[in-house]
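Each in structure tokens, the structures are laid out below.
The same chain A turns up in both complexes below, where it pairs with chain B and then with chain C.
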Partner chain A sequence: MIVAAALAAPLWAHLVADTTPQETHATATVEVGGDRVPVVGRHGDPIGPTWHAHFFLGADAQGRDVMVRLLYGGRNSLLIGLVAALATVLVGVALGLIAGYAGGLLDDVISGGVNVLWAFPGILLGVALGAALKVNGLDIGPVQISGGSVVIPVLVIAIATVPYVARPVRAQALSLRHREFVFAARAAGMRPAPIMFRELLPNVAPTVIVLFPLIVGNAIQLEAALAFLGVGVQPPEPSWGTLVDEGVHRLQTAPALALVPGALIALTVLTLNLLGNGVRRALDPYARRHAYVKQT
Partner chain B sequence: MIHFAVRRLASMVLVLFAVSVLVFLIFNAIPGGDPAARIAGEHASDNQIQVIRHDWGFDRSLPVQYAHTMEKLFGGRLVSYFTAVDVRREIWKGLPRTLSLALGAAMLWLVGGVALGVLTAVRAGQTTDRVLSTLAVIGVSIPGFWLAAVMSHYLGFELGIFPNAGYVPLTDDPLQWAWHLTLPWLALTILFVGVYARVLHVAILEAMHSDYVRTARAKGISERRVILRHALRNALIPVVALWSLDFGAVIGGSAILIETIFNLQGVGQYAASSLRQLDLPPIMAVSLYGAFFIVILNAVADLIHAALDPRIRHQLL
Partner chain C sequence: MLLVAAAATWLLACSGDDDDGKRDRSIAIGYYAPPESLDPAMGFSLVSGAALNQVYLPLLTYRRSEDQSKGRQLIPGLAEDLPKLSGDRRTYTLKLKKGLRYSDGTPIRAGDFEHAIKRVLNMGSPAAPFYENIAGAVHYEARGKPDADIAGIETDDSTRTIAVRLARPYAAFDHLFALTVATPVPRDTPFENQTTHPPPSTGPFEITRSDPSREFVLERNPKFESLGVDGVPPPSVDRITVKIIVDKTKQAEDVLDGKLDYMYDSPPSDLLPTIEKRASDRYEEHLLTGSTNWLFMNSRLPPFDDARVRRAVNYAVDKPTLARIYAGGLQEGCSYLPPGMPGYDEKLDTTGCPFGDPRKPPDVDRARALIREAGAEGAKVTVWGFNQTPQSDITQAYTEMLNKIGLDASPKLVDFPIWRETIGNAKNRPQTGIDAFTQAFPHPLTFFETVTTDAIRPTSNKNTSNISDPVIDATVRRLEGEPDIASVTGDWQRLNRYLVERAYIVPYGHRIRGTFVSDRIDFEKCTFFHPIYLEDWSRFCLKEGEE
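What follows is the complex of A and B.
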């Protein structure tokens, strides 16, 4: 439902609220119950929820429509979470399979690198990378990304969370590589790349599928935390994290500004975590029995 | 055990070196822009940038740059070009605050988690298991910084039950120290306690099916004693392993968010405010020291773990 709402954000913005997420209405007035009320009061206090088409959830200090920013922010948060998680899974599975199957020096190098990333808490690595990238962006030959781009948080989160996938996949590939079907494939003359792709991948897929919702949830949370610290999505572009950041200082006058986006993050991540648990139970009957071991 | 300790410490040194290389690469070698200008900050003069370029060795080869950077971070004076303050002195000043936050919270969630885990294991069943899972998943799902901000505002500011942010040194007034840290501790505890209770709950139930518990029961020991003396002891092993990881993650990560919200002015808040100004030397130092702390902590935890449980020595190598 949250996803649907986020996808419908432009519809709400254009048809109902008649504004954009960045547009400010600091000097405008709005009609509430027959009276015209200024969007931003004399002391700089924005109006609260009107429950009308315009400023459904009120305005922020710059007179921007909170509902519209919330929807667009949700789009950004979900999109960043999803894309970062996809990148994490792609890179993590590739690294894990190669390290686990090839073994030897290649494994040492890859596992070493992954373990070094693992030594950093996600936030710390995110802060370091985010800070370094925010100043000048990234410039590798033809690829140029500016410091304020939405691609930066995606990149940062993907790098910081790769170990969550690479480690379990490597462990599985390691145990699979001595199984009969792998020997059979090798005896049949299959080359390493097809063995990894066609023989090992289907076997590690359930693990990755179970992990995926959890990784998306984790990515959304990490993005929010980074945005809160100022190295995620850059204002005025909204994301749930930047909205909490902007709203925290106005908890007294306009509590909805911070409460609603934070609650939405919690709800979304909760849903993803429950989905992950559900998928695990569905795919692994043993886990279901295991989770409710009864005392004998 | 000595063989294990030597190998574990050797691998620790290797990881420490790799961590330092990674930090160096993140800040000095990311393509795009002049690293000297980046470190100098936004308002630096050309002259200043020239000095920094020479000082940090940016006009030399990469290995030389690495050596210069590490010398700056560990040996020489590391100054913020933004505030002209010595970075390591600031970190040293904030350290007791960060440790107070992390240690207190970690003790609280460990004790709470163990108590909850044991209580629910005694009354195991579908309902308790569900309650614990729900608690755990909620703790994992709530954004910590948001929870902290909401708690700080409503319990601290609006209702005035708890002090409204700030820090009192332990040596000044131990009671006020604890009182000012109660809310931050609680916020972190809410995030972690469910997971710990659940991990312990499952581990105890698993242990209840083991041979040594069957033996203990056969000896006619009371059920309570079986759980507390036999099952719990072994079940605590994964919990303690998890605890050292999370403790490190709080010091090196969550502190950045939580300290800022409660204005504790520890190392984390120093990093966060440097981040707002894009003042890189403090961020470099905090990243490197934080990761070093965690790597060393994990090695120590593994050694203690191996000393307690000989089986681990083979698993970890």
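What follows is the complex of A and C.
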């Protein structure tokens, strides 16, 4: 439901709340219970929840509609989480398969790089990369990404979480490379790349599929943390993390500003973890049999 | 055992008393950021200045009066009288008072002034550019030898005279004798930042403990009253402990609960309703802070190299919205010079603003039409600001205002410590963003020197709009040689209007400061808001029974 509501944010914003997530209404007034109330008071105190279409959850310090920002922010957080997780899986699986299958020097180099990344706490690595890329963006040959782009947090999260996929995939590839079907493929004249992607990949796929929802949840959490520390999604673009960051300054007068996006992050990550468990049970015959035995 | 217990009880009973048997009068102040320096040569920011003004009394000072014009009047500090200016308006002569001593008892000598200026120039103080107009100062800086002579400063310890010769006349130079950076310091003070061991004081307090990242302590200067400085009263409290508490909300809560007696910064907006409810009798707002906030537009870069675009932005900026985001901390305006400054025109801040009354909604349609006329629709614009409340919100709101008139703007927020350097670096191609200035001294030159062609630099550029206008350059050059400010106030007023009409910048208001003190402080009798020094800590006094 959260995912659907967030993805439909433009419909909500334009048709229901009649505003965009960036539009400021600091000097406007809104009708609440028959009275006209300022959206932002003289002392900068924003209006609280009206429970109507306009300012359903109230406004922030700039007089922006919190509900609209929450929906757009959710869309950004979910998209960043999904895209970053996809990038992590693509790169992690490729690296894990190559390292595990090739072995030798190539394995040493790839594993060494992955281990270096693994050694850094994810958040620290994310903050360092985010801070470095935030102001001037990325400009390497044809690849040009501006500092405020949402691609930056995607890139940062993908780099920071690659070891979570690459290491288990490598471990599996290492054990699979000595199995009969791999020897048979080699004897039939298959080249290493087709062996990795036609023979090994289907065997590591269940692990990756189980890991995927967990990585999405992890990416959403990391995005929120980076945004809270000012190196994730850049304002005025909302994300749940930036909304928590903005709301923290107003905990006294408007606690909903920080608590609601915080609760949505927690709920989404919890849901993705449950989804991960469900997928694992569905794909793992041992777990299925164990569940069946328990039921009977 | 009994004897030990009795002695301990006696010690506890006496712990708050001084030698005369009077109660120790101590207060605690909250700072949201450590001062960048407590060395008088290096501390030039508002945060450092607030403390240093209590400690270092220069040769001249400002009359201690809350009245706008009286408070801006220069009076002798350590000097016997105001400086005498030579006929060619280039030489200032002063004489030190007799028998002056620093807080540690060392005699204050005329040559100490030259030592102070040498430290400012040699140590790369942020105030150094002000003193580079002294004859030979640039040469002294270039040589890099601390003990070398500055040709334009002549002092005589025996006659206590100080003569300063300028390279060219500079109307505001007498104000430079009143900056704490120019306070005499003993000649053995090293040419190194003395923040942790500040030089002995000449003002109402001395710094007795300094760990600026955590706290520092000011104590009453025992020698101050013997200096005989008329117009600068001795302090009402004995000790001030300044604590660094980054969280302003925590500071305000501590002031509410009496754990702190005053917070240097205004209380955060989300606590203002609580303060209004619980402590309105000890909170007050002041407009006359000598500051202006504006939005810079780099006139060397597109689309702001087109005057029509700059005018469009002036029409489009919604100043009431920006003031609301400042949560009561800003008065909408249009004037570059702030209220109280000679040359300030109140009408320009209200109905006389060429782009509409700043207290009313903006003329967005007119702005859109100008953008269309200039062919700037869809022009990419980066808006520079920094990650602090409310400046981050101001940057975002301004971005949205630019988007509303057809530009394609996006904000770029950097951390506050690097913000000034970032927008002052031409390599970053800063197009537009937030900017602000607070007077270094009450003379329009302090504002206008930053908008001349000479002020444009490739790095550390303070002329962020890159204003290069022959009328401004020529007028500033002419007026900086006029020592009688009263006779040229009209010229400054016209120049202020000219700058605004040419739409080089978008002045959007002047800061309002909130003074908030604890229940221990006698708010009615002992809070004092000076037009230059703002809250004067030496005037804080405790209510009876709070000592």
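Definition applied: the second predicted complex is superposed on the first by the 285 of 296 C-alpha atoms of A that agree within 3 Å, B and C clash if a C-alpha of one lies under 4 Å from a C-alpha of the other, contacts with A are read in each partner's own complex, and residues count from 1 in each chain.
Heads up, the rule we're going with is that a contact is a pair of C-beta atoms (placed from the backbone, for glycine too) under 8 Å apart; a residue touches a chain by one contact, two chains touch by 3 or more.
Here the structure is a predicted model, which means the values were calculated and not measured.
Colleague: Would you sort A:Pro121 into first (chain B), second (chain C), both or neither based on which partner it touches?
Modeller: A:Pro121 contacts chain B only, not chain C.
Colleague: Name the contact category of A:Ala224: first (chain B only), second (chain C only), both, or neither.
Modeller: first
Colleague: So which one touches more of the residues on chain A, chain B or chain C?
Modeller: Ranking chain B and chain C by residues of chain A touched puts B first.
Colleague: A:Gly262 contacts which: chain B (first), chain C (second), both, neither?
Modeller: Touch partner of A:Gly262: chain B, not chain C.
Colleague: Contacts for A:Arg198 in the overlay, against chain B (first) and chain C (second): which applies, first, second, both or neither?
Modeller: Touch partners of A:Arg198: none, neither chain B nor chain C.
Colleague: In the superposed arrangement, which partner chain does A:Gln252 touch: chain B (first), chain C (second), both, or neither?
Modeller: So A:Gln252 meets both chain B and chain C here.
Colleague: May I ask you to decide whether A:Pro235 touches chain B, chain C, both, or neither, giving the answer as first, second, both or neither?
Modeller: second
Colleague: Under the contact rule defined above, give the chain A residues that sit at the interface with chain B and also at the interface with chain C.
Modeller: 134-135, 230, 251-252
Colleague: Spell out the part of chain A that touches chain B in their complex, as residue ranges.
Modeller: Touching chain B from chain A are residues 112-113, 115-117, 119-125, 127-140, 144, 217, 221, 224-225, 228-231, 244, 248, 251-252, 258-259, 262, 265-267, 269-270, 273-274, 277, 290-296.
Colleague: Taking the complex as given, what residues does chain B use to touch chain A?
Modeller: 14-15, 18-19, 22-23, 26-27, 30-34, 38, 124-126, 129, 133, 137-138, 140-147, 149-150, 153, 157-158, 202, 205-206, 208-209, 248-249, 252-254, 256-257, 260-261, 271-272, 275-276, 278, 280, 283-284, 286-287, 290-291, 294-295, 298
Colleague: Within their complex, state which residues of chain A touch chain C.
Modeller: The contact residues of chain A facing chain C are 22-24, 26-27, 40-45, 61-63, 134-135, 146-148, 230, 234-236, 249-254.
Colleague: Of all residues in chain C, which touch chain A in the complex?
Modeller: By the definition above, chain C touches chain A via 249, 268-274, 276, 318, 320-321, 324-328, 361, 387, 389-390, 392-393, 396-397, 399-400, 403, 410-415, 422.
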